[in-house]
Amino acid sequence: MGKSITISGVFIYLRLVQEPFRDRSKLWWIVLGVILGGTIALVASLIILAARSSSGLGIPVVVGTILFGVSMLVVGLFRTLLIRQGTFSPRIGTLFLVGITCLLGVITIPVSIFILPAGWFDLWTVFVMGGVAIGIILLFLYSRYSWLKERGSPGLLTITGFLMVLAIIYMTVISYWIVPYDPADINVGPILWPPHPGFPLGTTSLGQDLLSRTIAGGGIMLQVAFLSVLICFFVGVPLGLLSSFRGGTLDRVLSLIMDAIFAFPGLILAIAIAAMLGPGVINMALAIAVVYIPSYFRVLRSQVLTIKELPYVEAAKALGARDRDTMLGYVLPNALPSIIVVMSINFADAVLTAAGLTFVGLGLPIDVADWGWDLTFGWHQLITGAWWVITFPGIMIVLLALGFTLVGEGLNEILTPMLKE
Amino acid sequence: MPNLLEIHNLSVEYKTRLGIARAVDNVSITLDENKTLGLAGESGCGKSTLGRAIIRLVPYPGRILEGEILLNLDEDVPYENGVVEKGQINLLQLDDDQMRALRGKKLAYIFQDPMTSLNPMERIGKHFVEIIKAHEPDTPKEDAQVRTKDLLEALDILPERVLDYPHQFSGGMRQRVMIGLGLTLTPQLLIADEPTTSLDVIVEAQILNLISDLKDKFNLTMMLITHNLGVLAETADSIAIMYTGRIMEIAPTEALFESPQHPYTQALLQSVPDVRKPDRKLSWIPGSPPSLTEPIPGCMFRPRCPHAMEICEMEPPPLIKSASGGIVACYLYEGS
Amino acid sequence: MPLIEVKNVMKHFPVQKGFLDTLFTRQKEFVKAVDGISFEIEEGEVFGLAGESGSGKTTMGRLIVRLIDPTAGQILFAGQDIAKIRGKQLRLLKRRLQFTFQDPYSSLNPRLTIGNAIADALRLQGIGNKSEQKQRTKKILERVGLSPASSFYDRLPHQLSGGQRQRVVFGRAIILEPEFVVTDEPVAMVDVSVRAQILELMKDLQDEYSLTYLFISHDLATARHICDRIGIMYLGKIVEIADKDQIYTDSLHPYTVSLMAAIPVPDPKAKKGEKLPKGEIPSPINPPSGCNFHPRCPKTFERCAEEEPALREVKKEHWVACHLYD
């Protein structure tokens, strides 16, 4: 399965290579293709290796989510066909897709109950989340060619990053069901054994299975990343909006505070705050959020200051708009796109900072399976020649951060010409 | 006397998200020495792109596809690795170093917006001295400064302002400086892209007077790009009308206004108000030009043309001699 | 009673200074954009306000519709002083006084469909429910020539040409059925071949909705074509007001004379050679003493530097502010 996706991915790249949009070198395209193909192949092989899991439900979960995803793809194809024929308008078509997906979700309930009567809810959640992730991957690979063509290589960057992230999310979501051993269990295998049959990625110094840890270790990181982005957004954006709109003393004071925070080196500040707050997912997210809020604030503020002076905002005032109306209806929607770029870079940074915090010993209790911990321990093991403990989790961190970064880069490139236009 | 500039079958295209746009499509023009050619047309007709293609400064994502731009160079021009020889040369065959040697010295270009075309960190005098030094590095500084002061006098700028910064000049003064910079090395060809569009009426008139004085004084050949036909009526010897990247008509100025041949020219002239005749009925051209990324077969003006015929849909009309002494691209005159 | 009466209106913008300058200098500088202007606009006419940049014409337009507040003076609309209205009253006033902006590219919200952009006028004023707003918007779209309305309703501004966008701008201005519309350079940024169409639309709308226009422009050729009367502004003051014929054939103020002479005419045989005033428009922060134009005026004399001339009606319906005619 991994191979076919990789092949079709490469196929799409080859088609596009024939008409490069930006004058990127062929090398650039190849590297991008390798990165994406490599990620998906890696994720796929990990899943395949692991599917024969302890709970015995590994294969049904993988198959189930793939079926879900394929059904979404079929519905998506149907929708495209109907839109082309004119039966559906694009808006109704999307509603159709969403509706059928929800229907699929509902159908899966009895299926989950049947398979695992005791914990059917967890299983059902996995089916839906994993299935949607696979579905989005498949739909993108099929239907987004025209969008890619229009956007050119920046679109490709965004899609590549997006797919990488989705693949890792998928793997993390189904991780509970496919891991051969509980990632936190110690002494399931011999201590510090290199990769060999039975333990495809080797074992750690506590006898934990590295494959299980690699598959499951992303969960905390993703939670922290998403949570911190959410906090940043709902604090940074309103503050930025208020500050630039009201101006005056409030603006000056807030800008001063934000600049002060911004001047601090990010990781150090995060460490300081995490040390104060103590371990835990929410505390880690808060620590990272504090470091990042100034970016949101500044970007939004500068966008608002520019947009606020544009004629169409004044035109709204001429029609009788109050400050509140112009702020929410006219300025904010036009300022938000640049925030999206900040958000994706924030994701990437949050992942790396979370790894960093755990590496330093802050943030999580020691028995939670997390790539950060593997980095810490693996670092010490390198001297003894045990290269595998740090490598595989390390690669996954890099790929996750890279994925988010590509999304941000691509969006940045897409938005800049749009603004010029 | 051979032509100063001959453009043959020039095409420039832009790669955009929506496709490939032919900004300049198979354009051929000649410029006579010591004459002013007006390049007129509405937004998006390709006139600016044409001007920039001549000095080979077409911005990315545009590129020159094909064609020749033949300049009759009046002397040898040295550059880093040699000399660009006197005589007729094809500008599109020169490399970057050679083109750079020609730009400023033999080909001058004035940009539209004088507000942002000057370096705000440098005094005005330094702008001039820099240009002189760049092309004639052996000139002693004092000579360069004297030349600068003379030039400023010719531009009606007080010589003591040589120490001022650009932001201390008004828009009209800055445009004079731009013109002066263009003329510092007495080029053969001056291309001005909408030089007075961003200026007020009275300043515009002052600048146009200045340009016509300098034209005589420096024996200039000029290409004036603008959408304002009134300006061209005053300053141009002949006018070329462009539409969607193609030349529709070229004629001597008086002939163009008195007996416009191409239907587009006729319609255009009827939609330009004349301040002396406020009661004359203004007309307009219904519809809008086809998108450059989706050109239509045949004549691009056909959908809006009151005289459209079947043949107009098939092939773009070739440029043929017109009754007014110029050339026109229209099937109405085929066979006459 | 004239529909609009402007009485001695002034608008002085404080000059932004750097932090240190505010510390050390006591004097505040002002840009005297509008410096004591009085005129009247009759109901049903198209009154043109012409001048070059820095003349204050755009500021004047914005003042009349209260997009900005005057520093001093009265603005009477149908006899009522609106110079100091605020809050809800001001919002209601906007139903009767509208403003169209110059640049059709940046005066439309790029994220709103043009249908929603026009309907927003109703929404912001709290008129009608959603479907009523949509209906009225569709009618307006048809009215301004964007037909079929159902197809144009959902289009985004970047999908329209300049001329079409300008129609949307007008549609948005008249959907509230105002009595008075200020149009700021309505065709300056529209292609020449389409301008007359927009002007024709303006005239039609005027007949249909009984509108009165204030037409702000630097393009006197277009202004003469569409306006009934024209006022010439220079550096924050009105120098001459006359009907569209007199202002050209019988220009009295030296500035008006040079302005008219400088306009490029699409006729190569037109006579040139009028003497142009020297120099350029001085800064509105430090206008010259006495008559603003005296440093550049070819007919200046002693009194001009000392005393500011008042705007007087020297002939029937022909006003000028110049000591030559005192």
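Every chain is named by a letter (A, B and C) in the order it is written, and numbering of its residues begins at 1.
Keep this in mind: a contact is a pair of C-beta atoms (placed from the backbone, for glycine too) under 8 Å apart; a residue touches a chain by one contact, two chains touch by 3 or more.
All values reported here derive from a predicted model rather than from experimental measurement.
Inter-chain contacts peak for the pair B-C, counting C-beta pairs in contact. With respect to chain B, maximal separation of chain centres occurs for A (centres as means of Cα atoms).
Here the CA centre of chain A is 52 Å from the CA centre of chain C. Rounded to whole angstrom units, the spacing between the C-alpha centres of chain B and chain C is 33.
Note for the complex: chain C touches chain A at residues 65, 67, 91-92, 94-95, 98-99, 101-103, 106-111, 120-121, 124-125, 158, 169, 172, 176.
Partner chain B is touched in their complex by these residues of chain C: 52-53, 161-163, 191-197, 199-200, 218-222, 224-225, 244-245, 248, 258-270, 272, 276-277, 280-281. The touching residues of chain B, counted against chain C in their complex, run 42-43, 170-173, 200-206, 208-209, 227-231, 233-234, 253-254, 257, 267-269, 271-276, 278, 282-286, 288. Against chain C, in their complex, chain A makes its touches with residues 310-312, 314-322, 325, 329-330, 333-334, 421.
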